[in-house]
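Here chain A shows up in two complexes: once beside chain B, once beside chain C.
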Partner chain A sequence: MFPMDKHKNIPNDVNNAEENEQISGQTDEISSDSANPKMDSVDEQNLDSKKPEVPKGEPEKNPAQKRASIGKGSIFVEPIKRRSFFSWLTLAWLAFTAATGTFFGIMLRFMFPNVLFEPKQTFKAGYPDDYSVGDVTTSLKEKYGVWIVRSTEEIYALSTVCTHLGCTPNWLKNENKFKCPCHGSGFRKTGINFEGPAPRPLERFKITLANDGQIFIDKTKKYAYEKGQWSDPESFLRV
Partner chain B sequence: MLTFILLTFFFIFPPNDWFYKWNKKFKLDLIWTNKGGILILLGLLTFFLFGLTDENFKLIVLKPDNVPIVGLIFLVAFFTWLSMKQATENDKRIDNNEKVNEYHDPDDKVLTWPDLVYIELIALVLCTVLLVVWSIALPAPLEQPANPTLSPNPSKAPWYFLGLQEMLVYFDPWIAGVLFPTIMIIGLMAIPYLDINKEGVGYYSFKQRKMAVSLFMFGWLVLWILLIIVGTFLRGPNWNFFGPFEYWDIHKLAPLTNINLSEYIYIIWFRSGLPDNILIREMWGFLLILGYFMVLPPLLAKSMLNKLYKKLGNLRYSVFIILILFAISLPIKMYLRWMFNLKYIVAIPEYFFNI
Partner chain C sequence: MAKDQKGKKRGFISRLGDSQVWKSIIRTGVPRNRRGRMFSVLNSVFLHLHPVRMPRHAVRLKYTWCAGGLSFYIFCVLTITGILLMFYYRPTVEYAYTDIMDLSEQVPLGIMREIHRWAAHLMVITVWIHMFRVFMTGSYKPPREFNWMVGVILLVLTLLLSFTGYLLPWDQLAIWAITVGTNMARATPFLGHEGPGAALLSIGDINLVHAGSDVRFALLGGRFVGEAALLRFYVLHCIGFPFIIIIFMAIHFWRIRKDGGITTPV
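So, the complex of A and B:
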């Protein structure tokens, strides 16, 4: 059996050694970090073999001695203990998490703007008799992004998005065509592309009659000509 | 006009000995002397001064947006002339076994401080003054708030993208907007690996690197600068083409009914309907493109570009010729559109795949 004091002494010694190591390590780091400018300059000059001079008033020592004196006790540095290190780490981590969280929170808020341009996807567009034969109605373009075209036999709703790169074409009444201002694509009144780079015709929207006899347009359903969908009875309204 | 530029271009910047011979015969290298430079300047100035007497020309050229592009024309002309002048002077010196102009450059050094820093400071102040005066004299146009359902007519990209926008007129978005820019960047990155000519390093010279200078000038002046100029000054409402003195009439009627290659072959030549099978329908277009990229390079290697092929080796030649073919495909497609109203060589709108 060990005596109490001896038993106590062994771990104490280990602790001390570790602490000493930590302290000397810390002081080294901090002194070179510029905690003490005077010491710094001395250190630098010592390292620099071309300039062996030392500031006035200080006796010349050999470099090894001086470095020892820096390490040992010339500067007082509060040692960071393991426990306090962890509490600092926790604090730093919390701060980082909070900052990142706030950042992503702001980003998320940004996704929901105060003003939203989202025209209704389904709407009523008046009675079929409101549209005269051969006309392209452009009044709904700004609000809903739709042209309503009435031919002799049917009414259909054309999308106002150019199939080339998504600009908004204009209806040119005199030329009897839709013309895109971005790259010059042209579409006939039916929506068929015939000039410029547009690869396919304008899309048509689902168009039906509501119970009250009004035209009901559903923009969520699109009909593409090149897929043969324009023969679908919902892609036009027979008059 | 473009035809004229394309035809004369390789005589002004000859890529090989044959063109070079003609260049010398017509004495076209006289462009790159002081007299030639003054003539270019006077030519440009008279064109613009004469043009300004025309109302329509004045309206377009003096628009605050377009004034920088007018400046760009002069600047590009000047710097092309300057570099080519130094190059032709060096060529003459090399012919006479003299040392090149830049030979003593490495001995001619100044100090960073104060010489360089002072010059930089002065340049900085002058540039700031220029920008302030410019922004006061020619205010940037303010337009109404953006409206997603209303595209301005004409809708123009920023000036440096107008070349890309012009390409978009002839190609599908994924080619002109994605594939071509990528190939341009890859091509520029590949230059140091493709150009194994050790002559002409460290000094201006044309004769020693005819091919390199000529091809670069083609890509830069014709496929980039010229397209920007066309996009800025010659594209009006509805993206119609307008001559420099023409009124930008919104109702200008330009019949541009375009037809795909498959429609040409089946409907006009065979007088039958389009086949239902997409692959059979577009077979001819695919064959054409395969021929362009697979058959043309070996043919050229055996005939016209034989010397080049031997110099570059197999791999370098393949990369080089593919890049060149991509670059040349743009003017080819433009001509096909203008002459035959050809829309797409391969047209599969069902899968957003058009070439």
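So, the complex of A and C:
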């Protein structure tokens, strides 16, 4: 992986041996250069074509001795210096990579604040008797994104997020429906969609009674009609 | 100085070109021949992106429509006008809308905002036209397939610049357009809380990807389009995306040359 590894494993490392052969081969070649008429003009092409020739000829001389000398060369000429240099370098690179990686993680986490200045996801919404039968209460819409609807038997909390693309519909009392201004989806008082592009009914939130008898709404739990969740006892409040 | 060795009066340009000031900036002096011109292109940081010599067909308007060049020009216009707008616009719920009104009605000439807005529309159009021309001339083929991909990234960045800028006027149109637009991010596989696979990322009962931790949240800084979203879009629009698009433009232009200049018309 790192240059260091190569140098540690010299005796077994074929790649490395080849590299060294080329290098020493080249010095050989230079001495015989003038004897070889082909090599007289040194231009780029010649240098290129020269390289592959060298390793071919070289091993015939004395491959075993050569390999040994490579090992010797690497180990004895400047042994400790090189090794420690490469291991420090490896360590430095690893540390650098780790630090950079960590920083990217920090960057990602940075985008998700610990404190949100938004209305709470759970809140109390007064007593059941504050709501009269047949009414759609719109007073919590602005702050909490909830309509409280009371029918003859139950109270439920409808999400004000249009199931088409997320605009906020308006409750039209005279027409007895929720109407979305963005693309015209319409929903009945129950939240069931009946016109426009919305593909499914509005969602309902978890609604329970708190100990003090107030209605308690938890927006983190949603109930979807199309999944049959509206029969869940926490999706409505029996009154 | 005003006269040469033979005592003849020399023209202003000629004297300028030999002055120390000029030569300290443009080392090769006034280009007087082909070699001189080549040197001035090679030695200028701005000109060196361009080749020193160009085949005649490469500048034929009929072939490129100059759509790529126009896109770049409009990007420059947008950068300059955008920086000017930043002197008046404050990205807060309290001021954003009124500052925009102020920009159209009170700021001298009231035109900077219109230039920025029209140029923004125009850039999207020219980038599409450029892509269309590259496609129709088959210029995406090897060796230019990499530059086509860089181009796709440039297109996406152009659209993202457009999208983030759209929220800044903070009117009803802006807020709901961004609401609708970012809702698409809910459905991102694994990363959006309503996307396929998001439900798989959970530890026991605890969902890891929910409305408060998905990509949409990262984009908006909240669960709905509010104060934090305005600020995030502002920063992305003014700094983030321009910074990234400039890097990719540099790669794009550099690659055109490395791929052997633009394609030859058949």
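Quick notes
Here is the rule we go by: the second predicted complex is superposed on the first by the 122 of 239 C-alpha atoms of A that agree within 3 Å, B and C clash if a C-alpha of one lies under 4 Å from a C-alpha of the other, contacts with A are read in each partner's own complex, and residues count from 1 in each chain.
By definition in this document, a residue touches a chain if its C-beta (ideal position, glycine included) is under 8 Å from a C-beta of that chain, and two chains touch if they have at least 3 such contacts.
Predicted model, so just to flag it, every value in this text is computed and none were measured.
Of the two partner chains, chain B and chain C are each touched by A:C167.
Which of chain B and chain C touches more residues of chain A is settled by the count: it is B.
Contacts of A:K221 after superposition: neither chain B nor chain C is touched.
After overlaying the two complexes on the shared chain, residue contacts for A:L116 are found with chain C alone; chain B is out of touch.
In the overlay built on the shared chain, the residue A:G184 is in contact with chain B alone; chain C does not reach it. Look at A:E175: by the touch rule set out above, it reaches chain B but stays clear of chain C. Shared-chain residue A:P199: touches chain B; no touch with chain C. Residues 117, 145, 165, 167, 181-182 of chain A lie in contact with chain B in one complex and with chain C in the other.
Partner chain A is touched in their complex by these residues of chain B: 147-155, 165, 168-173, 177, 237-240, 250-251, 253, 255-258, 343-344, 347, 349-350, 352, 354. Against chain C, the residues of chain A that register as touching in their complex are 111-113, 116-118, 145, 165-167, 181-182, 220.
For chain C in complex with chain A, the touching residues are 176, 179-180, 183-184, 210, 212-213, 217-218, 221-224, 226-228. Note for the complex: chain A touches chain B at residues 117, 141-143, 145, 160, 164-165, 167-170, 172, 174-175, 179-184, 186, 194-197, 199-200, 226-227.
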